[in-house]
Amino acid sequence: MDFQISEDTQTILELINEFVDKELLPLEQDFLHRPWDELMPTLAAKREMVKQMELWAPLHPKEYGGVGLGLVDYGLVCEALARSPLGVFVFGCQAPDAGNIEILIKYGTPEQKEKYLKPLIAGDIRSCFSMTEPEQPGSNPVLMDTTAVKEGGDYVINGHKWFTSSADGASFAIVMAVTNPEAPRHLRASMIIVPTDTPGFNLVRNIPVMGHVGSGWHSHGEILYQSCRVPQANLLGPEGHGFVIAQERLGPGRIHHCMRWIGICNRALEMMCHQALTREISPGQRLADKQIIQAWIAESAAEMRAARLMVLNCAWRIEHYGQKEARQDISLIKFYTAGVMQRVLDRAVQAHGGLGVTDDTVLASWYRGERSARIYDGVDEVHKVSVARRILKQYAAEHGLA
Amino acid sequence: MDFQISEDTQTILELINEFVDKELLPLEQDFLHRPWDELMPTLAAKREMVKQMELWAPLHPKEYGGVGLGLVDYGLVCEALARSPLGVFVFGCQAPDAGNIEILIKYGTPEQKEKYLKPLIAGDIRSCFSMTEPEQPGSNPVLMDTTAVKEGGDYVINGHKWFTSSADGASFAIVMAVTNPEAPRHLRASMIIVPTDTPGFNLVRNIPVMGHVGSGWHSHGEILYQSCRVPQANLLGPEGHGFVIAQERLGPGRIHHCMRWIGICNRALEMMCHQALTREISPGQRLADKQIIQAWIAESAAEMRAARLMVLNCAWRIEHYGQKEARQDISLIKFYTAGVMQRVLDRAVQAHGGLGVTDDTVLASWYRGERSARIYDGVDEVHKVSVARRILKQYAAEHGLA
Amino acid sequence: MDFQISEDTQTILELINEFVDKELLPLEQDFLHRPWDELMPTLAAKREMVKQMELWAPLHPKEYGGVGLGLVDYGLVCEALARSPLGVFVFGCQAPDAGNIEILIKYGTPEQKEKYLKPLIAGDIRSCFSMTEPEQPGSNPVLMDTTAVKEGGDYVINGHKWFTSSADGASFAIVMAVTNPEAPRHLRASMIIVPTDTPGFNLVRNIPVMGHVGSGWHSHGEILYQSCRVPQANLLGPEGHGFVIAQERLGPGRIHHCMRWIGICNRALEMMCHQALTREISPGQRLADKQIIQAWIAESAAEMRAARLMVLNCAWRIEHYGQKEARQDISLIKFYTAGVMQRVLDRAVQAHGGLGVTDDTVLASWYRGERSARIYDGVDEVHKVSVARRILKQYAAEHGLA
Amino acid sequence: MDFQISEDTQTILELINEFVDKELLPLEQDFLHRPWDELMPTLAAKREMVKQMELWAPLHPKEYGGVGLGLVDYGLVCEALARSPLGVFVFGCQAPDAGNIEILIKYGTPEQKEKYLKPLIAGDIRSCFSMTEPEQPGSNPVLMDTTAVKEGGDYVINGHKWFTSSADGASFAIVMAVTNPEAPRHLRASMIIVPTDTPGFNLVRNIPVMGHVGSGWHSHGEILYQSCRVPQANLLGPEGHGFVIAQERLGPGRIHHCMRWIGICNRALEMMCHQALTREISPGQRLADKQIIQAWIAESAAEMRAARLMVLNCAWRIEHYGQKEARQDISLIKFYTAGVMQRVLDRAVQAHGGLGVTDDTVLASWYRGERSARIYDGVDEVHKVSVARRILKQYAAEHGLA
């Protein structure tokens, strides 16, 4: 066993930490209070700096213009970037584009790569991923009402989606739709690329989420697909393989999310320390002198370290044994880390008193926005049940109790 | 011991429940998504209905046009009203006006009553209460920087306040300011009535709280008092007695808040049941059939019942023995009930999955907005420490360990 | 609503508190470290004092020689007695005899009352209740393997029971056995009185529970019924009504248990205060000065008050509306109060450091022994599920979702 | 980063797992119910098998007859051994001997090594470590009343110790006593070897801990040192360096404890699975089919994995950077892992219902016995406070807030 981070990665992390501190944290109030479009010119300039530093797209392969980090190293990068809510965007590795890029690299035709992947990876356009439906439980992705029916050389798509994050301003969506209704449940749906200017692609609204309507990248769309017609050439990957590909996308995506959550925790803990050290609660007594806040800091530190090691271990296992072998790990880190983040943010808010619930700091935004972490990519409870079933099944097999 | 609610109160509660269901719940989406001013015409009409039903101002004395309920009965009314975020407003017993009315009744001069109390209790104007300061810990209210200096027949007020709730659109503020800087800490500040159109009363902004800027009654103001001059006749109660009066205001106010929180829990539990019974998670299986959600429902029910009885017991003790005897109870219900509400809302959000974090239901609004409950009126931790000190002091006294 | 305890009850409680302090707490070390038989002479003398004070058998009707308290008042007595683990025994209201007495009063024939009830209520003999079976889940009491077959004028009983508390030294057992195997599940079993000297009644062992083998009243027996033959006249209540009667026994029994648990919490909190006030952790600093222990004290106080009011409310509801109407309440108090006790005891142990895990105080005995509270009379989880089902069923009925 | 366990270690772990399953688990009921002396002949035979397998004393250096594993590898061994409460004893690496051996190796004179170390490491004798005092908080080890005064060539020791584990039957104690009362606090005490047959070494009792008096290795002694006289040659390490040496002993000792606790969790989880899979709760329904128990299994698995990685990471840091650099890590793993173990054992007990609280399984013994884990080696709360202080101090230093 060796817990050493390589020197190369260490160097990258130091550069990122400095960049986040100097270039991104000062933008936080603008991020919290101004519409996305107003931020874009500044963010574009920051992105240029990142490209100059040769840190653009740290996750993506070198041949596509990225840094090509492995999953463990990229996880560490995510953690460092997440101290700012703008970090991953400015470094060109934001969801949902990052996942879409991975799919396009693996399954895209040369034409699709040219038309969609290239500008996406360059940061010239944005995309979205359109899977979740309001009428169906996200916990059971094979339940899906949206259909894509072949007519002429086209697919005609009809359906209702929501939580299509970053649809506002995206150039195209990757849409999950049932193409093979008679196939076994897991082989019914396909992924289809739908440019957002296609007639019948209707962005109904940006869903208000915890008081935040949002705009641009920082939004969650509700989409009605109404006889939305695209060429069959827009099929992404084999027909009927939508779920298979979506699963592939989820594993590394959970590493990204979880390490991002740890990064958020790091920042929240820093802010808790700052508040504790600077808030005088009575003459000569700072918050930092009090045991209750000390206990919060220590418990946060322990849980954060525990979660972080668990996520890095999972990333390492995906790298070494593949995603399938790491399925159990992926479920475990998802619900454990989401829970840690919620507790750490809650303590940080409470430590700030009245200031903590205002939007004068980033904490309140995370407190409400990241509440979704326990819900998206499968609600925690679904992961717990599937973890337990696997453990029980394995025990039963090993002890002849099946 | 007798846990029976009187028949009269029972009748009132049934009327209110019906009114909330029929008249207020349908306004919820407007409340969540439209500015306060747009709501006001509708709310004014609803208020008229309440007056016709002779349920207006249930808390306030009959001679002032209210229903004159005792604290236990009024607590039950708060619980019933709180199933809608508009309940207390439409029934004329909303914070901060309710507390201001109590102070004006007890301490107002005949002129103050005529000018401020009468229209306030009638619902013709609104008011605010301006105590908390950004630079001082709310947990220690005797630390205060705002001053009111006598000049001629006036007070000249200078200071910085925030969390002056409902300042936007209020006709006057009751301001806490240091008038006697040389007096003992608890006798330094006074309450002064300041009409909001007084020069030097500057509403800097409605503070964005958990993503909600708000407007009108549903807002939290930040105020700069800059050489704000009012006649000394605007002094409310004896000079130097600001904290004494504020303390009197807090006890019953906590009953109102806590019973309101229980009402919120009741509604959240109803919504959780509705979601559980109507959400199919796989063919033939509803969420309601699953043990994890069943455990949430049962644990919520237990905690809510426990909190409710504790608050009612506290209200009864205030009624029978006075607020001072009930100080310990008041601290206990504050932190216990705030904690219960947070857990119940968290479970309700989670049970709704993606829908739970959207503003398509009222849950997300409560989840983020009521996070403040653990902070205002003294952060939970301060109450815990003072509860423990009293218990320890009493034990020491009884066992000669002082 | 009226939370006032009557003056009569208040007087009784003061007498009991004094008696517990003076007469019972000094016996605690003997209780913890010596076999039951060695304690009995002293306990018999204490019981005589209680009889002289006319406080013997506070729960049982006056015509049977008891005090005849109602359920709320008796609950308060249980709370007071439970500060000592010997309280209920010395006052003649200990489980399982108390429940057996209730059944015998309601269902006993004149002969059964003369032979079993009279000496039992007088404290001259002890009894036990033999229901739980090792091979069947206690959570589902209708699953039962023990049978009683009629032969001649006798029942011949065969079966395996455990957790037959206080069997060691008991004069008779009330045994649950299947008499009508073809009847519907809930009407299969009957209660039968079995003198413990009947051939075929075999006390296999006192089960070691959490390191405590125990003896006499303070023990849990495992019994093998091997062709154990008693006259049919020993049938208690109607044949096939075993579960019905057992259910009747459970409701008030839970009030007794829960109020006893609150009494244990009261004592644990006192001990925590004592330790905090007397333990110097560094020169001039006592444990009591530290926020972490202060938080434990305050949280314990809040949870204990919440649980206590909930139990008293439940007792009041049983008294006024009957046990059936209070089924939901009974389940709620069971799991809520058991949880509170576990947390309070855990904090009290921790506050005592090394001393807390030794048997030099009563805390460790409660910590391990009362762990069973979350298990007996239905594991907490079963109660949670049944509470939730009732809530969901009622919501569905009220909203047409059935 | 590399989470791979070496092949050599993997082989050792497999051998140990098999040995524990075949040779040690069958002894569990004897361990739980019979005195230590009766077990010893069997255990001696098992130890012989271990020596034959060349796995004896895995922690200790090869030149002293051990296997000489590093701290990470030895941690993994501890985990595997801890599935049986007899594991570490049978493999010759049990506390407190393991720690005493480390000290003797580092500080023992040739004579001390010959007389004490050699037979100790061979398993021919046992020892104990006598530091904790009943009248002083264990959280502040520099508070110590026991003294060792020089007279002639001897030390004369007077004092009162408890929690001197395994004193019963030990050949010698390493005693902490104040030798230099005028020195700075941390340099007052020394370690002195005291053969237990020295006059004045009085084992007052084996302290009953959570109902367990114990005997032999499995006991906790209370010792009175009454003018107990030993030669000054029995001084172990430099005079006044008792605390320094004790600190050195603690770091690796916490790794051993924590990995042992994880091993206990592993076994408890196995037992929970077994119970869930084999317990029918209604016809056709096993406990394993229920979500509540599934959630317990999943939450246990997550917490156990998190704790395990954190402990292994800490072990690795001690190996690579030394104990001083890893002080923060050592505190974090201590309270975090102790908490995980308590929760896992609690769930396992609950999952077993009535069986869980009996001593028919090992669970109840661990539930009560390992409650001490949150207390010994510094109560959790002291570790939390010191962790927080270090974090705050570092933040203050980095941000100029000191």
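Remarks
For reference, chains read A, B, C and D in written order, and residue numbers begin at 1 within each chain.
Basically, a residue touches a chain if its C-beta (ideal position, glycine included) is under 8 Å from a C-beta of that chain, and two chains touch if they have at least 3 such contacts.
The UniProt protein names, listed by chain, are A, B, C, D = Acyl-CoA dehydrogenase.
Nothing here was measured: the structure is a model prediction, and the numbers come from that model.
Of all chains, the one whose Cα centroid sits at the greatest distance from that of subunit D is B. In this structure, the chain pairs A-C and A-D differ in their number of contacting C-beta pairs, and the larger number is found at A-D. In whole angstrom, the spacing between the mean C-alpha positions of subunit A and subunit B is 38.
For the pair subunit A and subunit C, the distance between mean C-alpha positions equals 52 Å. Distance between chain centres (mean CA atoms), subunit A to subunit D: 42 Å.
For subunit B, the set of residues touching two or more other chains reads 291-292, 295, 381, 384-385. By the touch criterion stated above, subunit C contacts subunit B in their complex at residues 1-5, 72, 269-270, 273-274, 276-278, 288, 291, 293-295, 297-299, 301-303, 305-307, 309-310, 312-313, 316-317, 320, 331-332, 335-336, 381, 383-385, 387-389, 391-392, 395-396, 399, 401.
Only residues 32-33, 132, 134, 137-140, 143, 162-163, 207-212, 279-282, 292, 349-350, 353-360, 364-365, 367-368, 371-372, 374-376, 379-381, 384-385 of subunit A touch subunit B when the two sit together in their complex.
Listed in rising order, the residues of subunit B touching subunit D in the complex are 290-292, 295.
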